[in-house]
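For clarity, chains are labelled A, B, C and D in written order, and residue numbers in each chain start from 1.
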Amino acid sequence: MAGSNGHDGARPVLGVGMVGYAFMGAAHSQGWRTVGHVFDLPLTPSLAAICGRDASGVRAAADRLGWAAAETDWRALIARDDVDLVDICTPGDSHAEIAVAALEAGKHVLCEKPLANSVEEAEVMAEAAERAAANGQLAMVGFNYRRVPAIALARRMVADGRIGTLRHVRAHYLQDWLVDPAFPLTWRLQRPHAGSGALGDLGAHAVDLAQYLAGEPVTGVSALTETFVRERPLLDGASSGLSAAGGGDAGTGPVTVDDAALFTGRFASGALASFEATRFAAGRKNALTIELNGSHGTLAFDLERLNELSFHDHTEPAERAGFRRILATEPEHPYLEAWWPPGHGLGYEHTFTHQARDLVTAIAEGAQPHPSFADGLQVQRVLAAVEESAAKNSVYTPIPA
Amino acid sequence: MAGSNGHDGARPVLGVGMVGYAFMGAAHSQGWRTVGHVFDLPLTPSLAAICGRDASGVRAAADRLGWAAAETDWRALIARDDVDLVDICTPGDSHAEIAVAALEAGKHVLCEKPLANSVEEAEVMAEAAERAAANGQLAMVGFNYRRVPAIALARRMVADGRIGTLRHVRAHYLQDWLVDPAFPLTWRLQRPHAGSGALGDLGAHAVDLAQYLAGEPVTGVSALTETFVRERPLLDGASSGLSAAGGGDAGTGPVTVDDAALFTGRFASGALASFEATRFAAGRKNALTIELNGSHGTLAFDLERLNELSFHDHTEPAERAGFRRILATEPEHPYLEAWWPPGHGLGYEHTFTHQARDLVTAIAEGAQPHPSFADGLQVQRVLAAVEESAAKNSVYTPIPA
Amino acid sequence: MAGSNGHDGARPVLGVGMVGYAFMGAAHSQGWRTVGHVFDLPLTPSLAAICGRDASGVRAAADRLGWAAAETDWRALIARDDVDLVDICTPGDSHAEIAVAALEAGKHVLCEKPLANSVEEAEVMAEAAERAAANGQLAMVGFNYRRVPAIALARRMVADGRIGTLRHVRAHYLQDWLVDPAFPLTWRLQRPHAGSGALGDLGAHAVDLAQYLAGEPVTGVSALTETFVRERPLLDGASSGLSAAGGGDAGTGPVTVDDAALFTGRFASGALASFEATRFAAGRKNALTIELNGSHGTLAFDLERLNELSFHDHTEPAERAGFRRILATEPEHPYLEAWWPPGHGLGYEHTFTHQARDLVTAIAEGAQPHPSFADGLQVQRVLAAVEESAAKNSVYTPIPA
Amino acid sequence: MAGSNGHDGARPVLGVGMVGYAFMGAAHSQGWRTVGHVFDLPLTPSLAAICGRDASGVRAAADRLGWAAAETDWRALIARDDVDLVDICTPGDSHAEIAVAALEAGKHVLCEKPLANSVEEAEVMAEAAERAAANGQLAMVGFNYRRVPAIALARRMVADGRIGTLRHVRAHYLQDWLVDPAFPLTWRLQRPHAGSGALGDLGAHAVDLAQYLAGEPVTGVSALTETFVRERPLLDGASSGLSAAGGGDAGTGPVTVDDAALFTGRFASGALASFEATRFAAGRKNALTIELNGSHGTLAFDLERLNELSFHDHTEPAERAGFRRILATEPEHPYLEAWWPPGHGLGYEHTFTHQARDLVTAIAEGAQPHPSFADGLQVQRVLAAVEESAAKNSVYTPIPA
């Protein structure tokens, strides 16, 4: 499939078709536009077509974001010959249908997180991905924070044994964009579209990172969830998920997702986990923080300072031990050999460039990139157990393997 | 009572008798020795007598720590005429007996935290304190971190409405002195002496601070506890709770307390709380961190940087808003008018000097200082609910008012 | 000139021709490729042609970096009809000749910093820019750090009076890539090519930022310079300025530039300045730090945390005053309305995208963007005074207005 | 001399007599009161007598600060049999006369910094100290910051070679208490009493620390000084140096010392130094910061976080290198074995307790403690060279060995 559109002796082309063009679509576009100019890739991604329901909107987005063509029906997008890979950037309620159709049409798939709005959908998707894999097609979930260099470095250090036996993971994802009760009822606050609230939007990242860095699954959770502001102004017209002009006279509607989710849990090894996801932490703009304590050391990360990794080496003499701030901008760090000199930091969007690099490389090599749809399903099961525990008086709820 | 030993026209004296002379005894002694030289007090504390079971040990401690007399029986200490206030610095299993006896003997009492090893003991103590109050005697629990200036400032700011409606409290107390499995089985690791492990030692501080700063009680919890290392070397001889020369050939014994406790909960107002207490967080030496998110702002504190308070004012224009680091060393800050110029930081031990100041002042004024034994009992109830929830599969466990 | 290549009813095109394709060329390319997809521009930049002396090298760079054509003679590049703007990314010794020729050929010019290797060259360039301005052509110097959002915010706050009367500026630019004496003798260590060492490379940025943020010129300096390692291995072959494979058996050669430069000075208003530029500060990777103290407040910045601006408002009550960390990622901050949600940080390369935006906008509006060649000349005069003072026993050396 | 007042079989007593009872006197008193209760000392300090010109003031100070007797004439204090050590806490203009007299009277001397208000006075004092040394008497200067545990640790690490060949030292001492032009004309702003302004008060600490940590002297400087606010309100009555109720109607008077001093210099080894001392850095309360860059690593310290030492080990692999925050509160750290468990921080005043410990121990052992009067004289020579350079157009001014 890949390379079917290759041209004139140069590297074969990988045609990308993207569904959705809001926040995530813009971020993915920047990744696709940039990756080939920075990394030495076996396939050259081409921004073949973009899809959205509004014809003029999608046409304008195609021009602005650099896509060659525009479609208004995702089925048409999937059917295009110049599309080898379908990149799904829509709200969670449409992930399953699009992804399964794309896989069945023989395309590779990149699907934004969370994989789906329910375990059932995610199971269908994972099964579809498994079937497609036999055909050489790859499917990947867009947990882009795995591609922050400091996080990739942390994973390497955990795998190298630098923190020893894991004891604790604490992962928080704190934002504050719902503190104002006048913020309107966007799709992200409606269960039919978003599946859940802070849990699926933020908690999903925290759970994925925790499992990725720990190298093992969460096996059970005990949870509390809360919706602090239960009615919000209705939107007049279209809005993105994260920003909105406000409600005007349109009245109010019920918030049907959680504003915050807190849960504790256990990993397969017996290590303990604590999670917190909220959109009500005033002043915390994008504070995805994660800390892993082990018998040999501790690693800590904060997305608001994404070029840094904090590491305490517990095997050092006490006289000189302490948390060190590794500026993850050296050529020795993941992804950095392609970028700038030491200390010249990267930003949020680079995670999408790195994700594109890893996916393109995996496609060329025919190797499954992480996180797979199965990984995405496992996250979905954790989220479902959180909701179940919260509904059952916080009782400890095991997660099926 | 107070001042019964007053002399020669000067301020009346408040005779202090202390039980215990290990870590806490040394810290309290530094507070008692210093307070009268720094603060202008209505009563002059005198270090009348110290008590411990080992005659030579207590005599040496009296000399080193500055106490006028030594006793080997706490009943004798309580009976002394020159003792107006009994300061209890022993392990938790003896708190109730000593405190009740002291109150019944007509003395004021300062009791180290946690108040007791069980709710039942704490109830008896709180009742004794209430009876004694009618007699003008005061009883106070030694949650000394309330007297860190930055914490007292945070409380003032919460009371002034600077963070608005409370949404979240997250309080962690992370230490690392049990990471090494060869650390021996001190009294702090034995349930009969310590009552619980990280929960009562560290979690108690976190719970007290959370309730103090929030200004409201925790009403229910869901909890996990864990003992990671279940056998440890026996000590050859005497040891303090926190340090020990190690085990030699004395064999091993079972650790009968928790190494870590994680719990989530709700406050009376509906705000959410998450707590974590552990002695297995490599590199975290004394990391009592607490953050309160409200509708108007956020406050955050870390005991490892105890002269600082972090504050985000959510009412400021977004252009200039951000977490500010208040160096709580200005004369406008609690307790600071008596100390050094701005920026000349205080240390851990100053909390005991401040505690002594507040208690002495309260005694002179006949006013109940916080935290009362009733406050200590409330903390004990939270701890008991944590243990109950942990034993019942983490089910949400209400806390009696 | 601009738009002469405009096509088919869409926005007119601004053809860009770039000279040089090493580190700076790659960074500028990323800016030119990205700017039109993120910002709404009055002109659409096209990456028309790139120029370098090595035919195969420049061809490969054109492909990799996204340029339509390649030239091996900068005079040919300037002569191209599809080039409206010449972007000069070569070492300093060729800036003057190329820039003057481009201006005389009727092109707009963007020239990397430092403007030139001597005051004399910079004067010629500033004069050429002034003549060309009469013809509607614009010239700008690539002091890209002015376009870090936090820096642009700081400038706005200074202009708004938020720090009051300026008293102190201290600006350091600390790197560590020469700590190893085996690092080879790249062009950046040779006076004929680089003009000076840490002074022109790093100190130039510090001086430009200081003058930009202060809003006034430095009027005199007293300086020390030093070359710690005076002989370094010769390079075998080609190398970039910042990285090199090492010397092999090629022998050693003399380092003819400074390793470090320290200088103090005065601003026109009487405020004091201290500067330090070095490549020998182990562990400091890209530490361009600047602090401005005024009568009403202080601003501080560190390029290693480029999404943050530190601000102390000295007009606040002492109880709540403190340095706040403004995460400069809000839509209210300069450049941010076009990027990601709050807390989703930008990186080093974004400064080049912002520079491109400001220059393209200025060209469309016919307004001089900052920093002009005159601004660049003023920086050059400060650097020359530093060298003069260092040569004259550090005597205070005035800078001509 | 020491121990001449020893009593009853216990450790011999060292009688201390202190001159001055303002800020420094209070701080020294806290050190003398505490040291014997925390450290195991060979001599027991007794707070024999305190001296001040105002009879009622000194009597009240003696009571408050814990001194047994009060004197109003320092000659009488020196003459007391129960005084073995004279501790001089007065402004700099009286240091020389008191110190020389005390040494000639056979007493040990501790003298606050700066040693004197001129090189001439400092020379006389150093000569007197040298003569007295032959008689077994010790003299020490109160550069108390050498006794911050993190600083003592840094010195040990430098001496152990952990930063290798020194390249740079940058030391700043920034405060902000003169930002307000209405702050009155205290003695610290008058040359006859204070000798100099920020230079002698703050710069002296920076120079001493720089030379102490580097282990070598500064050999020359180039300097700028400035007085930003040249007239200030006169005080109505008595005031301390750092705080004052303000001027009332008493008119204004000239500030005759520097508000800020900036200087660069060289160490004997060729390393470069930059210094800055100011009382006009809004928001910087007590920011004595020092950084040393060497070929093997970097050390950095900030007095506003005095329990921390920052260390970059440049010999580590780049993948894991970074600045680590050593929490200097472990028993392995200087002075800490006597204090609290790890992470339980110390404060500003502990430097005086440590200074007392080191001096008492040195007296018992008959060994010269650092910093000697000769060390204090060397600092004075640096300060004098700064003033000379500033007066001579910043010309580089050598410092006599």
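By definition in this document, contacts are C-beta pairs under 8 Å (C-beta built on N, C-alpha and C of every residue); 3 or more make two chains touch, one makes a residue touch a chain.
None of the values given here were measured: they were computed from a predicted structure.
For the interfaces A-D and A-B, the C-beta contact count is higher for A-B. Using CA-based centroids throughout, the chain positioned farthest away from subunit B is C.
Both copies, subunit C and subunit D, contribute mostly matching positions to the interface they share, with over half of the numbers common to the two. Mean C-alpha positions place subunit A and subunit C at a centre distance of 35 Å.
Averaged C-alpha coordinates give centres for subunit A and subunit B that are 42 Å from one another. Each chain gets a centre from the mean of its Cα atoms; for subunit A and subunit D, those two points are 55 Å apart.
In subunit A, the residues touching two or more other chains are 284, 312, 321-323, 327, 330-331. Here subunit A touches subunit B in the complex through residues 163, 167-168, 170, 172, 174, 176, 179, 222-224, 226, 228, 260, 262-266, 270, 272, 274, 276, 278, 280-284, 291, 293-298, 312, 314, 321-323, 389, 393-396, going by the rule given at the top. Only residues 23, 27, 29-30, 33-34, 37-38, 64-66, 175, 177, 242-243, 284-287, 303-307, 327, 329-330, 340-350 of subunit B touch subunit D when the two sit together in their complex. Chain contact summary for the complex, subunit B toward subunit C: residues 153, 157, 162, 309, 311, 313, 317-327, 330-333.
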